[in-house]
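Working notes, beginning with the structure itself.
Labels for the chains are A, B, C, D and E, by order of writing; each one numbers its residues from 1.
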Amino acid sequence: MSPQKYLRYFGLNSLFGTQRTKEILSVNPTVLPHREEATHVEVTVYDYDSANIQVHHFNNVSPCEKFRKDGRITWINIEGLRKSDVETICTTYDIHPLLIEDILSINQRPKMDEVEGVLFCLLNMLFYNDQKKTVETEQISIALGKDFVISFQEDAHRDVFDLLRSRLNMSNSKIRQRTADYLLYSMLDLIVDNYFIVMERLGEQIEMVEEEVIRRSNTKSLARINQLRKELIVLKRNLAPVRDLISGIIRSESDLLDDRTTKYFKDVYDHIMQAYDLGENYRDIVTGMQDLYINNVNLKLNEVMKVMAIVTCLLAPATVIGGIFGMNFEVIPYAHHKWGFYFAVGCMLIIPIWMLWVFRRRGWF
Amino acid sequence: MSPQKYLRYFGLNSLFGTQRTKEILSVNPTVLPHREEATHVEVTVYDYDSANIQVHHFNNVSPCEKFRKDGRITWINIEGLRKSDVETICTTYDIHPLLIEDILSINQRPKMDEVEGVLFCLLNMLFYNDQKKTVETEQISIALGKDFVISFQEDAHRDVFDLLRSRLNMSNSKIRQRTADYLLYSMLDLIVDNYFIVMERLGEQIEMVEEEVIRRSNTKSLARINQLRKELIVLKRNLAPVRDLISGIIRSESDLLDDRTTKYFKDVYDHIMQAYDLGENYRDIVTGMQDLYINNVNLKLNEVMKVMAIVTCLLAPATVIGGIFGMNFEVIPYAHHKWGFYFAVGCMLIIPIWMLWVFRRRGWF
Amino acid sequence: MSPQKYLRYFGLNSLFGTQRTKEILSVNPTVLPHREEATHVEVTVYDYDSANIQVHHFNNVSPCEKFRKDGRITWINIEGLRKSDVETICTTYDIHPLLIEDILSINQRPKMDEVEGVLFCLLNMLFYNDQKKTVETEQISIALGKDFVISFQEDAHRDVFDLLRSRLNMSNSKIRQRTADYLLYSMLDLIVDNYFIVMERLGEQIEMVEEEVIRRSNTKSLARINQLRKELIVLKRNLAPVRDLISGIIRSESDLLDDRTTKYFKDVYDHIMQAYDLGENYRDIVTGMQDLYINNVNLKLNEVMKVMAIVTCLLAPATVIGGIFGMNFEVIPYAHHKWGFYFAVGCMLIIPIWMLWVFRRRGWF
Amino acid sequence: MSPQKYLRYFGLNSLFGTQRTKEILSVNPTVLPHREEATHVEVTVYDYDSANIQVHHFNNVSPCEKFRKDGRITWINIEGLRKSDVETICTTYDIHPLLIEDILSINQRPKMDEVEGVLFCLLNMLFYNDQKKTVETEQISIALGKDFVISFQEDAHRDVFDLLRSRLNMSNSKIRQRTADYLLYSMLDLIVDNYFIVMERLGEQIEMVEEEVIRRSNTKSLARINQLRKELIVLKRNLAPVRDLISGIIRSESDLLDDRTTKYFKDVYDHIMQAYDLGENYRDIVTGMQDLYINNVNLKLNEVMKVMAIVTCLLAPATVIGGIFGMNFEVIPYAHHKWGFYFAVGCMLIIPIWMLWVFRRRGWF
Amino acid sequence: MSPQKYLRYFGLNSLFGTQRTKEILSVNPTVLPHREEATHVEVTVYDYDSANIQVHHFNNVSPCEKFRKDGRITWINIEGLRKSDVETICTTYDIHPLLIEDILSINQRPKMDEVEGVLFCLLNMLFYNDQKKTVETEQISIALGKDFVISFQEDAHRDVFDLLRSRLNMSNSKIRQRTADYLLYSMLDLIVDNYFIVMERLGEQIEMVEEEVIRRSNTKSLARINQLRKELIVLKRNLAPVRDLISGIIRSESDLLDDRTTKYFKDVYDHIMQAYDLGENYRDIVTGMQDLYINNVNLKLNEVMKVMAIVTCLLAPATVIGGIFGMNFEVIPYAHHKWGFYFAVGCMLIIPIWMLWVFRRRGWF
């Protein structure tokens, strides 16, 4: 059966799909901003100081201007990217056009930058898609300014900030006592913490595939291993640059960053390093799995060859003896003997049995 | 059928061609300047300040001297390289002979340098050739001096600067407000942006080959994978040194570079880093494809071996029984029995059917 | 026989288990602190100066406060981690909440940090489990403050500090003469020294598997090699970061570290470098083993193929001659000759013998 | 046929020779100076300033002393190494004994050093041997002092300095206007330029072998690939250290180096970097070739296996049917039928034809 | 024949031995000082200044105290390590206990350190064992103090310092004119020079194995390649850290090192870099050999398969024709024809000959 038939049989064609490759390779750092405009934008504003907090919900960014210089810390969370909205809010909050371009880019490399009084971070939130068994990314851009943080998410359906929201609502939480950079820290911390959740799911997937390789090692297995390798590419693409992003913040001497917050960013750095190391371990284990798979395929081939060798050997005496006594010579010894036939058949049986005994002694099977 | 016949059959000999290897390996950093003289040279001069712009077209460089010290920014774009022209213009604009040598070199490594008041960049524009499915390069040298930028392109048929030209014509565009280094930035930005367009085409090619490997995995596939690897060598050869080029500009403390422009070069740096990372992902995916291909070839071998094993096993009882009852002994049991023949043939059929059942239970096919 | 049957036969299914992969990949740097609370906590306090020493045993951390400012050096060793206990002692000794989180994390990357007057080290003690043939880790966090060292171990059953305890009891030992950083040094030294003991056991395991690969090279072998590779991942994960940890201490300019102790930390650094190099050698040797294994599997396949080739060749003349003289033509030469049969059989024997002689001369077997 | 016979047949034993390995591995950085004394030494002195130039030829170094302090720039080119000569000239020109040792060493790693007022470079000129298809090296040591350059070549038959000699003879050439460091630059430039000529030849060789691999892929191919890999080792051994050598000169703050010359050394640096990158590309392409070769060998095996499978399948019905109707039962159906024989033979033909049709549909051949 | 039988036959079991792995992996950086006490200790003292030299031989270290402050340079060479002796001499000469531990350690990583006025180097002398074909190591520790050098060798049978001894006896030798650091240089120089002698022997071994791989490529070959790889691990383990050791001395600003000696240490650095590069080349060549070996094994398999394919094809017509005319039908065409038999046999011969001709044209053999 050809590999494809196998795949079709096991319903695995989708695994092999080049669709995933396409997704992974698609990239657009503003060559031509062909990002689709979001149909639905949600803007949530948390405006707080240690004493009290106000939460506002809008459908566009225009009401956000009033929080600019109210002396309180403002977190504007924009879910859904629409070019006009991004440009409006950025102009209002003096965010440089280059950063607007970054916010609207697709699949950009995680980065941090300080441009004219704004500390800017762009990275991806990772989510694990249980149906497709893929790592999904949602780009998030965070701009930290004097007394404000603006975050831009690609879509409104999900993020990783629920814990942050509940802490903001507690007036005695540390986040309410501190400056805006602590809010940035909290967001990065939650994003990086979520990487571990995604990696845990991927780790489970690796274990499952490993078990399958050990148990059955069929064509499906290499397809799955290859799929895992693609997901590890997605991971690697996010972990290494985020590591640089965090260490960039730690080394930064921006006035926006309070000295007291540095130790918190160092904590996030520990975690991203941990995630990075773990990603390397994943690679090692997947490589080991692939070696194991190839070995199993080879062992199966060896087994088939052994059966052929054994059957060929079993045939040998029958063929030879049958050939000898099947010749149409007039004078054939024992041809007329009563036990001739039985003697010949006996040889046909005893010789292969002796052969089997020899092969087993040689450790062939 | 031998591999070549396959290839000839599928019209793929060209894919395997060593022609591409020759192109990739040919290099000439001025050992002996055997670059062919351009038959046709186009010189375009944009002479502008924020108020107005003049565009001139010439067929040689001699009329360019007058723009040297007119107090306006001058972009001289020379398409087609002729030794005498390059030397004339460089002497006029005080560009060092070593840079003349670089401009006239073939396939040189991208580099930036500051020599006696001129900031010099040499890199390649990349284009994707849809017919040959190769990445083509056109070397471009850019010299930035006080109030001028001179660019030297290998040929006049194409470049990536159309967007730049239209912006130059808009008097309110940023490029018209700024100094000459912003013009250099705009050119590098467009060149690097174009890398993504080329990589996108190469990415599509990778997806196509991947699909082919999954679907058919014939000899063609490895030829195509090998071709892709060669194109990735071309990419790698351009991305890493251009990264160094851009970071060299960022770190440079040349008076020619305005502090306000640094953030723009940093933006280009983000993009070239992105391209570099993407190139690494391409390599990983192509390596995965090659593993998959080799595995598929091995699986096909296993399949063939299985068929042989099965046929050999099917033959075994027929051979043995036929051999037994074909012997010319006088006394053969059941030889004269009415159903003897049918009993023997029955054994010939039943035994292989039982064997098949055993093999299937063992998961052989 | 399928690979699994082999494994079941040799009782090796456990070797292949994905259980170990799960253990290695499980990680939790405080995403959600789901560490199990220790049921049993042992607190041991060594309170000493050069003149005398007091040893106290408690079941919780509350009595530890009194040692805080008694002017003597205090080592509080806490075995078993309970959230409340850790928080209590850390609050008492002014250890930052971020460090509490680290102490309670699972499988974290070894790290050192200085947070508000406390030098903090987190690393793993390694133990070799002889039954499972795995490297086990026990996380240990050590906080060095002014006049105190607090160590947090995961469980109370084992550690590597017996030698330290006996030295503490000797009033003339160097540790009794020195400041608290020498105590930290002594702990790190013993932890790293113990790595060599674990690596020695792993080395023995490598030798055993190597011998097995050379002697038998069955399916078991690759399973064992794969297991070794997983253990080497555990090693690598501990050695490289501990190297950074120690060099971080050496480069640190903390007031808690006496200049006279630096040379001792350098000695530990030598040892961890040595362990790291040795770990690399392990990898090289295991890779060599895997190549050897694959080669042996291939050689076995070649051997089987040779036997088939030889048997096929032996069959050839018998088949041909038997076929020739088994045809039912009326006129068959020598059919009626007295020695015809013997001549034919003689050919059947002589030709394969000549073939064997040819094959041997060609060096086939 | 065994591999050696193949080789002997194609006259390729020499390709495989370990002779080349011996040459590559032989090394002697002055352990015991067993360099053979040159039988013939040629000393050429160019003594010049911008106004005029004198050229002298000697057979030994003793007449060279007089140029030491004549206020003009002196290039002493010594071809052929004799211990006494080297010692004499070095003593005369105050070159340190350690450098004498370097000059007399064999196959030393390219290096630069500044020892007591002398800037010393040791590197290899490369030449391509068309007969043996190997990269040959000739060690050259260059000592730059105040107003003099002394170069030591291993033999008198060849070097790469002809262009330099003709420029020296032109009184208006830059080299005549500048200080001695420009002479050093010119020599290094010519040596590095020549690397490209050698690499071009090696590149042609790579293309030829690639074409051969694609066309025929016989045992010869791997031998040639292996030979290429050895030559690439020679290249690599020269390119990386020469890169360090040149960057060492650029970073050097020796008084012997004029600031105006730095840009020229940077130009050489560009070229050696280019050569280094190209060397990496060579490695990638040769690796790709080896993969292609191995794949072709495997495809040939698959083809052979397919033929066997097909022939085995074709035999199957003939064997079975022949076996069935060859049995000596009394009652054989259709045995006495007129068309029985033709019907049986027909089955023998129709069944394999149907099989072939099935196989082709499965895409087996 | 199973691989082991082959080995036993060729007397190569020892090659495969895990004994060597054990030796390589055994390591003990003072975990528990279980170094065996030397039974025999030789102490040689060279006490010299530029005017005269005295040589003393002792069996223990106690008489060495008197040379401590005699104002002359003292080299104490201790061959054979006994804990008490090492401690005595180190106490006398104020060498720190941590260094005593290093001196007594087993298989430690080469290192240099400066501890309280003593510059300490620990490295290995390498020797090539011609019988076992292994690289042997003897640990040597050298302590350089004010006016003294103390060296500790593991055993008294051999070292690499004979040349040094003869130079010491010449009053006009440089070593007699200089300070103690020149003595240290001389020792390191001789140790590193000796590395080349060992590598030369290993290189010869590599050439021999390469020739064997090309000529015969039997199971023995991979065993030998694997052995070479182990020896290369030993090399690598010594070369890289000694490189760091020497560069540590060069960068050191210890008062014990005279500025005039730096250039000599740089010379040693050149040599160790050379040795390191050469070691890398060894690795590349051995890797190439392994590829060649695997290829040869595969080619042999292909050859065997081809023979089988050919024999199978030769059998095909005989089997089919024999089967056809062996059927017991009454009506068999030409069965009664005079030349029927010869015609059938002719077909049996002509068809395979035609097949062979086809195969040869396809380039199968």
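Basically, contacts are C-beta pairs under 8 Å (C-beta built on N, C-alpha and C of every residue); 3 or more make two chains touch, one makes a residue touch a chain.
As the structure is a computational prediction, the values presented were derived from the model and not from experiment.
Both subunit D and subunit E derive from one sequence, and where they touch, under half of the residue numbers involved are common to the two copies. Remark: rotation between subunit C and subunit E after Cα superposition is 70° (nearest 5). The distance from the centre of subunit B to the centre of subunit E, each centre being the mean of the chain's C-alpha atoms, comes to 42 Å. Rounded to whole angstrom, the centroid-to-centroid distance between subunit A and subunit C, based on C-alpha atoms, equals 26 Å.
In subunit C, the residues that reach two or more other chains under the touch definition are 2, 298, 300-301, 305, 308, 312, 315, 319, 322-323, 326-328, 332. Of all residues in subunit B, those touching subunit D in their complex are 1-4, 16, 18, 21-22, 24-31, 96, 98, 101-102, 108-109, 111, 113, 115-116, 216, 219, 222, 226, 229-230, 233, 237, 241, 290, 294, 297-298, 300-301, 304-305, 307-308, 311-312, 314-315, 318-319, 321-323, 325-328, 332, 334-341, 344-345, 348. Looking at the complex, you find that subunit D touches subunit B at residues 193-194, 196-197, 199-200, 203, 206-208, 210-211, 214-215, 217, 263-264, 266-267, 270-271, 273-274, 277-278, 281-282, 284-285, 288, 291-292, 295-296, 298-303, 305-306, 308-309, 312-313, 315-316, 319-320, 322-324, 326-333, 363-365.
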